[in-house]
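Structures are listed in the sections that come next.
Each of the two complexes below includes chain A, the first together with chain B, the second together with chain C.
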Partner chain A sequence: MLNVYKRLWQVNWAEQWQYRANLVMYLLFWLVSPVVYLAVWTTIARSQGSVGGLTPNDFVTYYMTLLIVDQLTSEITIHIFAYKIQDGTLSGELIRPIHPMLTNTLVNNIAFKALTLMTLVPVWAVLWMLFQPDFSSVTWQGILLALPAVLLGFAVSFLIGATLTCVAFWTTRVWALVEFYWALVVLFSGQFVPLQLMPGIVQQIARFLPFQLYKYFPIELVLGRLSQSEILFGYGMGLFWLLVASLLFRWTWRNGLKQFSAVGA
Partner chain B sequence: MHTLRVIQTFLKINIQTSLAYRADMVINILLNLMWLGWELLSLSIIFSNTNTLGGWGPAELIALLGVFRLVNTLMAGLLWPNTEKFNASVRDGSLDYTLLLPANSQFLVSFARITIWRAWDLILAFILIAVGIKMGGDTTSTLSILNFLMLTISGAVVIYSLWIVLIAFTFWFTKFDNNVTILQALLDSGRYPATIYPAWLRIIVTFIVPIAVATTVPLQALRGDLTGWNVLLFIGVGVASFLVASRVWKAGVRRYSGASS
Partner chain C sequence: MTPPDDAILVENLTKTYQVSEREGGFGAAVRSFFKRKYRDVNAVQQVSFQIRKGDVVGFLGPNGAGKTTTLKMLSGLLHPSGGTARVLGFTPWELKSDYLRTMTLVMGQRSRLSWDIPAADSFLLNQAIYRISDADYKRTLAELDELLELAPIMKKPVRNLSLGERMKVELAAGLLHRPQVLFLDEPTIGLDITAQARIRTFLQEYNRLTGATILLTSHYMADVTALCERIIIIHEGRLKYDGGLNELSHKIAPFKLIGVAVGNAASPDLSKYGTPVTNAEDGEKSFIQVRAEDVTQVTARLLADLPVHDISISDPPIEEVIEMAFQG
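Here is the complex of A and B:
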């Protein structure tokens, strides 16, 4: 099995390298909205000293950490898999004695991630020089504590992304559903603003949803802003959603496959 | 007259095609409303924490959101679908047929595809702008509203011209087919006034990819931040960029040699 993954890695890595020109554009996409939000909130914080207890520097460190965490926990399954269901090319992969989603697609996700992270390093360095953030609140313990959370965030987002993609087995068109999902992520993940500045009700709901695992929870762990009970609760919720997402994916994959009729192939 | 008839025909064709996907249209409009809800919520979150965003109040940001949505509609309803068609037609050589038609080729390439349901988005944008101006109250004069409207149009022309230049580049560099992504990538910066951005980002969105010229600048005219000369300057920029774009387009067409022939 390890050999399978190794070979798939070589294939997918080479495949992703082809698209390195697109990568620059993709990175711009990735960069613009956090930098815009950073500008918005630091402007406000600077004009009145702080916002809800957060100083300008707190916002800078938040969004700069977000750029990395977001890169690590995000997934592109829907972009690389949904069309295979729609045009029937999935049938070729189904003949192989390995799970298409948990091998090929997963490795492709990781290859993409590795490449974008490589590009992100110089960009991040430039941003560091431009914004001169003070990361003194970050400790090794904080980073070590955040690593499992990042992994958990990626696992959950990958499984939910895969589940949504599998809806294509029934409806062939999934983009509307996916757009709705993205809206939920924007609202509850802490992408727009650190969750503590959201309206109370949004915060309460966000605590029980998987989306804060994608961004807010790992970021705050890195920055060392969470209390012990919050950390325990966050991890508990994370494990719970990992279980739910795995079960959901198992169910949609198995039942979806029965619907699959290899359109056009 | 001729041009009007061609536009009419394009509209008819596009309405007919889109009527085949009525359910899609309804879903798209619902999703669009959902995003509007999110945008308004994010503004209310901002203004529950502060009275002013770098000197800009809620009324101005609502009007800005309207202008932003206008630019967004221009891109999503017109520019992206036509880019797709154009890129495909360069690749397979069907651009030949467009060039052979007895009409301005730049015009044909720009309006062949129109995403009809986006008309709804246009209405929303106008409502947002009207609400924003109304909320602003007495501080806005008729002259500043007039300036605002003119600069909104000239800003849209600047974006359109940049788009024409970007797709015309395909005539020189055939592999340049993700040409317009840069416009799309920086679009989000139009949601907030560029005056609050760090200098480097402000320079990018003003001079390199002028999203701010189409969003922030008209709003500055509405606020009365711009002098008469400034307004004339930006109108001049709009006219000049359109002329340059047409020249580039013509030069590109002359270079085009067809893919299949």
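Here is the complex of A and C:
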């Protein structure tokens, strides 16, 4: 099986590299919002001294960490898989004795990450020079503690993304659902603003949703800003959502296949 | 339990699609947003047949007859609406790994290989996926190379290959794991005559070498006559004929074609001898169609009445026979 992943990596990496120009465009587009949030919040914090207990440096370190964490936990399955259901390309992958989602699609996601992270390096360097962040709160223990959280965040985000993609088996209107999901992610993952600054009720709800696993939870772990009980609760919720997402995905995949009409040939 | 000789056992297989439909125009588009109209399409209706191991069977029918739908159910891509099918003892749509390792589906109009990388890399991927040992892989690839001449085209990205070359690597990729059952959907479509002949020879050889069961659909009669002793005709989702190619000819169209080249320059009027038909392949003779039992008598009359300098008696082209089967 390891061999399969190795070969899939070679194929997918080669493909990603082929389309690297596309990627740079995508990355520039994607970078705009976090950098804008960074600039805006830092400016506000500078003029007021702090916002909700967060200093300008807190904002800078938060968003710069977010740039990396976001790339690590995000997934692009809807973009690379939904069309295959609708135009029948899925057929070729379905009759191979490996799971199309858990092998090829997963590896494609990872190859995409590898390329975007590479391109992120110069951007990060520029931001470092511009904003002079103070990362002294970051320790090796913090990073080590954050790594499983990042893995968990990606696993949950991948499985939920895959589940939503499977909705394409039933309807071509899956994109509306996905856009709604992305809106929830922006709100509840701490992308728009660190969750501490959200209204109390939103923070309460966010604690029980999976979205903060994608950004807020790993970022705060890296920056060493969580109490022990918060860490335990976060991981506990993460494992719960991993289970839920796995079951959801299994169910939608199995039943989606029954709906599959293999058109296009 | 599938009897040991049967590779494929199909009983009352049925597939009904629900297709939404609406008329053209803006008003209809808006209405369909609120309420969709559905129509049942009976793609496959109560089809039953058995295929033994090692057989090469042709699956014929007009477009939309249900051939490809049946093939997709047998390869596991589609769940049927009713009926059962067993291929090598497996229920295809359960998509069990063990089943997928023993079969292959190659579709002529659809490429499964990765577009941007050389076929050789896709082959290596398949080797890993199907867990083919290095020794087996080398051996099979060598055989396929010999039959299909893959060496010059394996290293080029698939997108740079011609249609014929792409078909060859598609077939090779699908056969690396030496499947016991091959489902081929129009494997020679769009290929030139040489490529078609090459693929046909290859399939014959492959069947001979490995004893694999082959079920293929095609629009080209040459594919069918070259490869299949048995054909199954599907029309409007129903099985119309299941048997030998020759027997079909006798059963459906017990008539013959008589072609005569007559001495004088003008095209003779042969309508009193039989039904005149055109034959695109032989422009020098004029052809008539007569019932099989009348052949001797009509031939005698023709030879007596006209200055015939060339005469031929043949079976009608298989395409016409199939045409008539479709209408029956």
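In this text, the second predicted complex is superposed on the first by the 265 of 265 C-alpha atoms of A that agree within 3 Å, B and C clash if a C-alpha of one lies under 4 Å from a C-alpha of the other, contacts with A are read in each partner's own complex, and residues count from 1 in each chain.
Just so it is clear, a residue touches a chain if its C-beta (ideal position, glycine included) is under 8 Å from a C-beta of that chain, and two chains touch if they have at least 3 such contacts.
The structure presented is a predicted model; accordingly, all values stated were derived computationally and were not measured.
Contact with chain B, but none with chain C, is seen for A:T43 once the two complexes are overlaid on the shared chain.
In the superposed model, A:M118 makes contact with neither chain B nor chain C.
By the document's definition of touching, neither partner reaches A:L247: not chain B, not chain C. In the superposition on chain A, A:L239 makes contact with neither chain B nor chain C. Residue contacts after overlaying the shared chain place A:L147 against neither chain B nor chain C.
In the superposition on chain A, contact of A:S33 is made with chain B only, not with chain C.
Once both structures are placed on chain A, no chain A residue is touched by chain B and, in the other complex, by chain C. The residues of chain A lying in touch with chain C in their complex are 3-4, 6-8, 10-11, 14-15, 18, 88-89, 91-98, 257-258, 260-262, 264-265.
Within the complex, the chain A residues that touch chain B are 21-22, 25, 28-29, 32-33, 35-36, 39-40, 43-44, 47-48, 51-52, 130-131, 176, 179-180, 183, 186-187, 192-193, 197-199.
The touching residues of chain B, counted against chain A in their complex, run 27-28, 31, 34-35, 38, 41-42, 45-46, 48-50, 52-54, 178, 181-182, 184-186, 188-189, 191-192, 196-198, 200-201. Residue ranges of chain C in contact with chain A, taken from their complex: 17, 68, 72, 75-79, 95, 97-98, 100-101, 103-105, 107, 109-110, 112, 114, 116-117, 121-122, 124-130, 185.
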